[in-house]
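Some structures to go through are shown next.
Paired with chain B in one complex and with chain C in the other, chain A is shared by the two complexes that follow.
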Partner chain A sequence: MDPIQWLVFLIFGLPLIGFPLVIGVGYIKKNFSMYLGTALVFISFLIALYVFFTDTVKGTIITATLNWLPNLPVSIPVGIYADQLSMIMVLMVSFVGFLIILFSVGYMAEDPRRHIFFGEMVLFTASMLGLVLSSSLLMLFIFWELVGLCSYLLIGFWYYKPNAASAAKKAFIVTRVGDVFFIAGIGAAILYSGGNALSVSPTALSTIGTTWERTIVALLLFGGAIGKSAQFPLHVWIPDAMEGPTTVSALIHAATMVTAGVYLIARTYTIFTPAALTVVLSVGVFTIILSGLIGLVVNDIKRILAYSTISQIGYMVAALGLGLGATSIGLSIYQLESHAFFKALLFLSAGSILHALLNTRDINKMGGLWKKMPITMGAMLVGALALSGFPPFAGFFSKDSIISASYGHNTIAWILLVIGGFLTALYTFRLFFRIAFGNPRSHAAEHAHESKWIMLIPIIILAIFSTIFGVFQNGFYSFLGGATTSIGFIDAVPATVAVIGIGIAYYAYGRESTIPQRVAKGSGFLYRFVKNKFYLDTLFTNVVAERVVLGFSVIMGNFEKKILDGFINTWGEIFRDAGLTLRKLQTGIARQYALIILVGLVLSLLFIRILMFMGVIH
Partner chain B sequence: MIFPFNLLLLLLTVYFIASVAIRKWAPRLITVLSSLTLLAFVVLNGMNRSFNYSTVYIISLSFQLNFVSSVLLILVSVIGIFISLRFKSSPGFHILTQSLIFSLTGLFLTRDFIIFYIFWEMVLIPSFFMIGMWGTKNKDYAAMKFFIYTHVGSVFMLLGIFTMYFQEGGGTFNMNFLIGGIGSLGITYQAFVLFGFLFAFLIKLPSVPFHSWLPDAYVESPSEGTVLISSLLSKMGAFGLLILFIPMYVNSSFSSSPVLPEVLLGLGIFSLIYSSLVALYQKDMKMMMSYASVGHMSFITIAVGGFLYLISTGSSNVLIEKLLFYGAVFQLISHGIIIAMIFALVDTTEKTTGTRIINSMGGIARKVPGLSFLLLLAFLASVAIPGFSGFVGEITILLGAYAVLKYYLIFVLIGVVLTASYHIFALQRSIFGPYNEYLGDIRTEKSELYATVFPLAIVFLLGIFPGLLFGFFNLGNLPFMGVVP
Partner chain C sequence: MITITGYGLGNYADLWNIYVLFLGAFVALLVSMFSENRIVHVAIGAVFAFTSLVMTLMLGNLFAGVGTGSPIMISGFSSLLFVTILIPAIMSVLGMSSFPKTNKPGLMVAIFLISLGFMGLAVSSYNLLFIFLAFEGVSIPTYVITAFGKNDSELESSIKYFIVGAFSTGLIIFGISLYYIATGSLYLGTVSRFNEIYVLGMGILIFGFGFKLAIFPLQGWAIDTYTGTSNPVSSLLSTSSKIMTLGVMMNIFLSSVNFFGYLKPVFAIIAILTMTFGNLVAISQKNVKRMLAYSSIAQAGYLSTVFLVAGTGAVTLAIISILMYAMAYGLMKGGSFIAMNNFDNYDLENFSGLWKRNPLFAASFSILLLSLAGFPGTLGFIGKYFLFLSVISTGTVLAYIVIIFAVLNSVLSFYYYGRVIMYMFWKKGNSKPVSSNYITIAAAAITVIFGVLWFALYSYASGMIVHLPAILAGGI
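Moving on, here comes the complex of A and B:
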C-alpha cells in the first residue's frame, strides 16, 4: 500500500488498535487513559486534516481493498474508500469526537470507571471513522454493528442504574431490528449483481440490474438506516438512551452514530429509485412532525434534545428523499454537519448544566440559570438559535435550504417541513426559556455554578462553529458535486415562522403564564395522545414485546416441557410398561412353563389343522 | 510434509493406554498432547490429503482429510486443550475425553460406511458415562434418554447403510462407491436410505422437533461434559449433513425435486424461531444456552436446505452455493468454540454466585467485573457481533439465504432478532442492574477466567481474519457435490 493509503487506514486504525491500550493504562493510573484517549482521537483528526488537504481537495479518491473471504467466485472486499463524502464525514466525526472527549475529561473526572469509559469512547470513534471509510457494504455493516455495540455499552455505562440497563437493552434490540434489514439488503445486493455490488463505489452499485431490484435493495438498506438513525417507527430507542452519560448522548446519539443511516443512504444514493425515494421522503417528513410534537410536551432536558435530534435527522432524510441527485446529498450532509455542531453544543451545554445541578433533568426544576452560568447559557442560546434556523446561524443555512429546495419539488412536503421548522423553534425555546429565565425552581438550581474551563472550551469552540458554519454553505455543496443556492424570497418563510415560534415560546414559557396548562387542558384527548408519545412506546413494549413475543415464548416453553417432552417420555413409558407387564410371565416356576408349553403346542396344532382345512397348506 | 493417518491412530492409542496406565495427573496432560498431535496432523497434511490402505474383506480402509473434516478436527483439538486447561476433573473424565477424541478423529476421516457407523456409535459410550457418572440430580434419566434417543436415529442409518450395500451389490462399504451408485436403487429404497440418514443426522444436530434429548443431556451433565457434548457431538450431525447427506441427495433420483430442500429450509427456520422463543422462556442460564445451541445449529439446516434447493432447481449460482456451504463449515467451528466458552463461563458463574437462575443474580458486574466482562463478550459472540467468529458464519449463511428464501428471509431475521433479545435480556438481568445483596460477598477463581481467554482469542482471530480458514476451503475437493467448482 502507498503511504497515503496507510495514512487513511491510520485514521480509524490508530484508535481501533489503541483502545485496549487506553483501558490498559487505566490500571496504572486512571487519568492516563483520559489523556491517551483524547490524544488518539486528536491525532486521527490531524491525519484526517492532512489527507483532506493534500488529496481530497484535489478530487482524488483513495482506495485500497483486500479480499476478506478468499476462495469465493467473487472478491468480498474490505478496505478503504475515501472520497469527498467520506472525508468530510471523517473530519466532522474526528473533530466533534475530539471536542466531546475533551469535554468528558472534565465531565467524567470523578467517575471510578473512567478508564473503561474512555476506552469505549475511543472504540466508538474508531468504529464510526471506519464506517465512513469502508469500501464495501459488508465492512460498512461490520462497523455499523460495532458502533451499535459501543452505543449499547455506553448507554449502559452506569449499569447499576436499572433504567440505564433497560435503556441499553432497548437500544440494542430496536436497532437490531433495523440491522437485520441491512443484512437482507446486502444479501439482495449480492444476488442481483452477482456479487459485484458489495463495493460502495457508484459504478459497482450500478451493476444491480433492474429498477425493481434496485428498489428492493434500496428499501432494505433504508430499513437499516431507519433503525440506526431513529426514524419512525424505530425511533423509540433514542429518548431512553438518554440514560447514559451526557457526553455519550452528545457524541453517539446526536452528532455521529445516529447520522450513520443518513450517510448510508447518501453513500448508496445511486440505487435509490424514485419509488424508494418517495418512501424515504415520506418517512423523513412524517418523523419531523411526529417528534416535533412530542418534543413540545416532554419535560426531561435530554429527552427534548433527543426528540429534536430525531426531527433534525428527519430533515436530512427528507433532503435525500427529494431526489435531486448530488444536490440532495449536499443538502443532507451539510445539514448533518451543522447539526452535529449545534446539537453537540446543546448536549454539552446540557451536560454542563446537569453537572452543576447534580443531574436534575426536569426543566420544571431549573430556571434562572442565565445569571448563574452565563457562558454555558450563552452557548446554549447560540445552539438554540442555530437549531431553530434563525439567521445567520448554521441551522438557518442548512435547514432553510432543504425547505426551500422542496418548494419547487413537492408542495405538501414543503408545507410540512415549514410546520416542522415552527415546531422546532417552539420546543427549542420552550426548553431555553424554562432553563434560563424566571426564578430557580429547585434547591439545586439555586446553587448552580459555572463549570470548569476544560468543559467550557469545547462548548465555546462548538458555539463558534455553530455561528460561522453558514459561510461554507456553497463551497460545501459544490465540493460534493451539488448545485449552489442563493438566498431568495422563499427562504424568508421558514425564518419568519421560526421567529414566530420563538415569540410564542417567549409568550408562553419565557414569563409567568398559565397558557401551557390551559392549552393542555383545552386540547384534552389530543394532549394525552401526544404526551404518551402517540402510544408507540406502549405498542412496542407492552403489546409487541410483552404480549406477543413473551406470550408466544410462554406457549412454546410450556409446549416444549409438557407436550413434546411428554410425548417422547410416553414412548419410553410404553416400552417400559410393556416390559414390566411381560416380565410377569417369567415366574421361574417349572409347572407354569410346562402348562404354557402345553397350551402353546395345542394352539399351534389347532392352527395348523385349521389352515389344512382351509386348504392353505397340504 | 506428510503425517500418515496410521501413525496418528497409533499415537492416539498409545496416549490412551499411557493415561489409563499412569492415571492420576497423566490423563489431563496427555489430553493436551493428543490434541496437539491431532492439530499437527491437520496442519502438516495441509488440510487436504487422502489415505488409502488395503481393503479388509468388505471393509475398505480409506480415509480422507478434506476441509470440512480438517475444520472439525481443529475444533476437536482446540476443545481438547481447552477442557484440560479449564477443568481439573478426575482422571477418568480425561480418559473418556481422549476416547472421544479418538472416535471423532475416525468418524470425521473415514470413507467407509461401516467404520463410520462404528465410530458414530463409539462416540455415544464416553458421553453416556460422562453424563451418567458425574452428572447432577437427574443424571440417570438424562443419560438414558440421550443414549436411546440418539440410538434410535443411528438404527435407521444402519438400515440405510445395509439397504445400499445389498441393493447395489458391489461387495464393499466404500462411501464413494455406495453414494455414487445410489441412483440405481429402486425409488422406495432410495427414499428409505435418505430418510434413515437424514433422521439420524437431524437428531444428532439437533433440529426441532428431534431435540428433546438435548436440554436434559446438557443441563444434567457436568459442566465439562456439557462443553464436550455441546461443542463436539452436535457437529457429528452437521458433518453428516454436509459430507454424506448432500452427496447422497445429489446422486439420488430426487435431486431435481425441491420438496426435501424446502422441508429442510422450513425445518431450519422453525427450529431457529422455536428454540429462540423457548430460550426466552427459560430461567436457568444453562438451559437457555442449550436452546441457543439448537438455534445456532439450525443455521446449518438452513444452509444445507438452501444449498440443495439451488441444486434441485438447477440454478448454477456458484457464489451463493459456496457462501452457504462455506458459511456452514465456518459456523461449525465458531459455534463449537463459542458454546464451549459459554458453558465454561456459566459453570464459573454458578460456582461464584451459587446459582444458575438468571433472576437470582443481578448486577454481578460490580463484584466480579472480570467474569462479567468475559460473560458479556461470550454472549456478544453468540449474538454474532462483528469481530467475533460467530458473525462470519452467520452473515455468510444469511447472505446466501437471501438468494434462496427471498421474502421468506424475514422469518430467519425474526429469529436473529429473537436470538439477540434473549441474550441481551439475560445480560441485563444477570450482570447489569443493581447488585443483588443476597448474593453476599462473591469472588471468582482467577485461573478459570484465564483459561477462558484461550478460546476467546481464537474466536477473535477467526472473526477478524476468517481468511485463515477460508483460504483452505475448496468445494472441488469434495466428491459428488453436484457443483461445478
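Moving on, here comes the complex of A and C:
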C-alpha cells in the first residue's frame, strides 16, 4: 500500500487499535486515559485534514481493496474507499468527535469509571470513521454493528440506573430491527449482482440489473438506515437514549450514530430508483411533522433536543428523497454537517447546564439562566437560531435550501417541510425561553454557575462554526458534484415562518402566560395523543412485542423444545454412543496397538492390491 | 516426470540453522557440569531454538537454486516447514521450566535440542537413507525425554511409544528396501521399474512414517503417551514431531509419481477414519488432557487430507495452506497442552469457574480451543479454510467426499471444545486461584492477530514457495 493509503487507514485504525490502550492506561491513572483518548481522536482529525488537502481536494479517490477469503464464488472485499463524500464525513466526525471528547474531559472529570467511558468514546468515533471509509457493504456493516454496540455500551454507561439500562437495551433492539433489513439488503445486492455490488463504488453498485431489483435492494438498505437514523417508525429508541451521559447524546446525535443511515443512503444513492425515492421522501417528511409535534409537548431538555434531531435527520432524508442526484447528496450532507455543528453545540450547552444544575432535566424547573450562565446561554441561543433556520446562521442555509429545492419538485412536500420549519422554530424557542427567561423555578436553578473553561472552549468553537458555516454552502455543493444555489424569493418563506414561530414561542413561553395550558386543555384528545407520542411506544411494547413477538416466540420455543431438541439429542446420543464404543479400541496395552497396526497395514495393502487387480488405477 | 541425477551432498555445509541446535546441545551439556539450574538450561534451550528460528527465516530463500539431486537441501519449503516446527518447539522448551520433574535439566535440554536438530534435517532430506537416519534421530531422543520425569505414567507412556516406534522402524526399513528394489535408488521421486513392489513398499512406508503422525490405525500409542507424559513433552510430540512427520511424508509421497493413483483412495479412507475416530472418542472424554490428545488425532486427519492434491495443479496452494495450518496447529495445540501446566489434575470439573479465577488465562485458553475447532477470526479457521479449499480445487469426487466429512467433523468438534469453554465460563465450582500462563496467552494473541491479518502470512509463504522443490510438483 502507498503511504497515503496507510494514512487513510490510520484515520480509523489509530483510534481502533488505540482504544484498549486508552482503557489500559486508566488502570495506572484514570486521567491518563482522558488525555490519551482526546489525543488519539485529535491525531485522526489532523491526518484526515492532511489527506483531505493533499488528495481529496484534487478529486483523487483513495482506494485500497483486499479480498478477504479468496477463491469463494463471491469475493469479500475489505479495504478503504475515500472519495469526497467519505472524506467530508471523516473531517466532520473526527472534528466534532474531538470537540465532544474534549468537553467530556471536563464533564466526566469526577466519574469513577471514566477510563472505560473514554475507551468506549474512542471506539465509537473509530467505528464511525471506519464506517464512512469502508470499501464494501460487508465491512460497512461490521462497523455499523460496532457503532450499535458502542451506543449500547454508552447509553447504558450508568447501568445502575434502571432507566439507562432499559434505554440501552431499547436502542440496541430497535436498531437491530433495522439491521436485519440492512443485512437482507446486502444479501439481495450479492444475489442480484453476482457479488459485484458488495463494493460501495458507484460502478460496482450499478451492476445490479433491473429497476425492480434495485428498488428492492434500495428499500432494504433504507430499512437499515431508518433504524440507525431514527426515522419513523424506528425513531422510538432515541428519546430514551437520553439516559446516558450528555456527551454521549451529543456524539450519537451530531457526529456518529444517526448520521450513519443518511451516509448509507448517500453512499448507495445510485441504486435508489424513483419508486424507492418516493418512499424515502414520504418517510422523511412524515417524520419531520411527527417529531416536531411531539417536541412541542415534551418537558425534558434532552428529549426536546432528541426530537429535534429526529426532525432534522428527516430533512436530510427528505433531501435525498427529492431525487436530484448529486444535488440531493450535496443538500443532505450539507444539512448533516451544519446539523452536526449546531446539534453538538446544543447538546454540549445542555450538558453544561445539566452539570451546573446537578442533572435536573425538566425545563419547568429551570428558568432565569440567562444571567447565571451567560456564555453557555449565548452559545445556546446561537444553536437555537441555527436550528430554527434563522438567517444568517448555518441552519438557514442548509435547511432552507432543502425546502426551496423541493418547491419546484413536489408542492405537497414543500408545504409540509415549511410547516416542519415552523414547528422547529416553535419548539426550539419554547426550550430556549423556558430555560433562559423568567425566574428560576427550582433551588438548583438559583444556584447555577458557569462551567469550566475546558467545557466552554468546545462550545465556543462549535458556536463559531454554527454561525459562519453558511459561507461554505456553494463550495460544498459543487465539491460533492451538485448544483449551486443562490438565495431567491422562495427562500424568504421558510425564514419568515421561522420568525413567526420564534414570535409565537416568545408570546407563549417567553413571558408569564397561561396560553400553553389553555391550548392543551382546548385540544383535549389531540393533546393527549401527541403527549403520548402518538401511542407508538405503547403500540410497539404492548401489541407488537408482547402479543405478536412473544406469542410467536412461545410457538417457536415449543417447536424447538419438542421437535428440534429431540432431533439434536438423538444425534448427540448416537455420536456419544459411537464414541463410547470406539473408545474400547484404546485398551492401553501396547501389543494390542501393534496388532491393530498390523491388521490395518494388511487391510490397506489388500485394498491397494484389489485396486491394482481391478485395474481401476494405474 | 523428473529423473534424479547428480550425487552432490546439496547445501550440507550451509545448514547452520540446524547445526546451531546441536551446538546448543553441547553448550547445555557443558554448562550442566557446573550448574544444574533449571532456568539457566531452559534459557539456553530457548535461546538456541530462537537463534535457529531467526537463522532459518534469514536463510530461507538463499538456496533455492541448488539442484534437486541432492540428498540434503534446504529450500523455501523446508525452511518454512522448519519455522512451523520451531515455533511450537520454543513454546515447549519454555514450558519445560516446570515439567518434567528432574534434577538433570541440562541433559533434558540437550536431548530436546538434538531431537529438534534432527527434525530440521528430516524435513530437508530428499534421500530415504538420510530421511531414515534423521527420523530415528528424532525418535530416540524423544523416547528418552518422554520418560524423563521417571514417574509411573511417564515411564509407561515412554514404553508404549518405544514399542510401537520400534515396530514402525521395522516397517520403515522394510519399506525402504522394497523401494530400493523397485527403483534401484534411494532418492525420492525416482521412477520405478517394478511397479508392484514399489506400490507395496510405499504402502508399508505410509504405515511406517504414519505412526508419528498418529493416523488412524496407528493412533493407539499417541493417546496414551500424550496423556501420560509431562505437558511440554506432549506438546513437543503432538506439534513439532507431528509437523515434521507430515513434512517428511509430503516429501516422500508427493514426489512418488507412480504412486499417486493409489495414494489418494488410501489416504482418503485414512483421513476420514482418523478424524471421525478422534472426534467421536473425544466427545466421551471427561479428562481435558486426554480430550486434547484425541483432538490431535482428529487434527492429524485434517492434516492428512493434503495428500489428496498429489500430482495436481493445486500442490502449491495446498503446500502454502498446509504451512499456515501447521503454524496454527503448532500454536493452538502447543499452547493448550502447555496450559495444562497450571492444573494439578485435568478433570473437566477442575476447569469450572476459571473465568472468575483468572479471566485472561481463561479467555486465552478459550481462544485456542475455538481456533482448534476452526472458529472464524482465528488462525485455525484460516488454515482449515485454505487447506480444504486447496483439496476441493482438485475437483475429484474423492476430494469432495473427504472434505464433506472433514467439515462435518469440524462441526462435531465444537461440542467437546465448547464443553470446556462452557465449564470455564458458566459452571460454578472450583475457586482455587490459578496463575497465568504467558505461553498460552502469547499463543492465543498470535492466533488471533494472524487469524485476522492472515494475508501477511499468506504472502510471505507464497513468496517462499515460489521455489517449491521441483520433485514435489511431481506429475504436473
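A few notes on this one:
The rule we apply is simple: the second predicted complex is superposed on the first by the 547 of 618 C-alpha atoms of A that agree within 3 Å, B and C clash if a C-alpha of one lies under 4 Å from a C-alpha of the other, contacts with A are read in each partner's own complex, and residues count from 1 in each chain.
The rule we apply is simple: a residue touches a chain if its C-beta (ideal position, glycine included) is under 8 Å from a C-beta of that chain, and two chains touch if they have at least 3 such contacts.
Computed from a predicted structure; not experimentally measured.
Look at A:His449: by the touch rule set out above, it reaches neither chain B nor chain C. In the superposition on chain A, A:Leu69 makes contact with both chain B and chain C. Of the two partner chains, chain B is the only one that A:Lys169 touches; chain C does not reach it. In the overlay built on the shared chain, the residue A:Leu601 is in contact with chain C alone; chain B does not reach it.
Chain A is touched at more residues by one of its partners, and among chain B and chain C that partner is B. In the superposed model, A:Lys58 makes contact with neither chain B nor chain C. By the touch criterion defined above, A:Leu580 lies against chain C but remains apart from chain B after alignment on the C-alpha atoms of chain A. Legend: residue contacts after superposition of the two complexes on their common chain; A:Met612 is shown touching chain C, with no touch to chain B.
For the contact definition in use here, the residues of chain A common to its chain B contact set and its chain C contact set are 68-69, 71, 572.
Across the interface of their complex, chain B is touched by residues 67-74, 138, 141-143, 145-146, 149, 152, 156, 159-162, 164-166, 168-169, 172-173, 176-177, 180-181, 183-184, 186-188, 190-191, 194-195, 549-550, 552-554, 556-557, 560, 564-565, 568, 572 of chain A. Residues 66, 68-69, 71, 572, 575-576, 578-580, 582-583, 585-586, 588, 590-594, 596-597, 599-601, 604-605, 607-608, 611-612, 617-618 of chain A touch chain C in their complex.
The part of chain B that touches chain A in the complex is made up of residues 145, 148-149, 209, 212, 274, 277-278, 280-282, 318-320, 322-323, 326, 363, 365-366, 380, 385-387, 391-392, 395-396, 398-403, 409-410, 413, 416-418, 420-421, 424-425, 427-428, 431-435, 466-467, 470-474. Of all residues in chain C, those touching chain A in their complex are 159-160, 163-164, 167-168, 171, 196, 199-200, 203-204, 206-207, 211, 216-218, 220-221, 223-224, 261-262, 265-266, 269-270, 277, 280-284, 385, 389, 393, 412, 415, 455.
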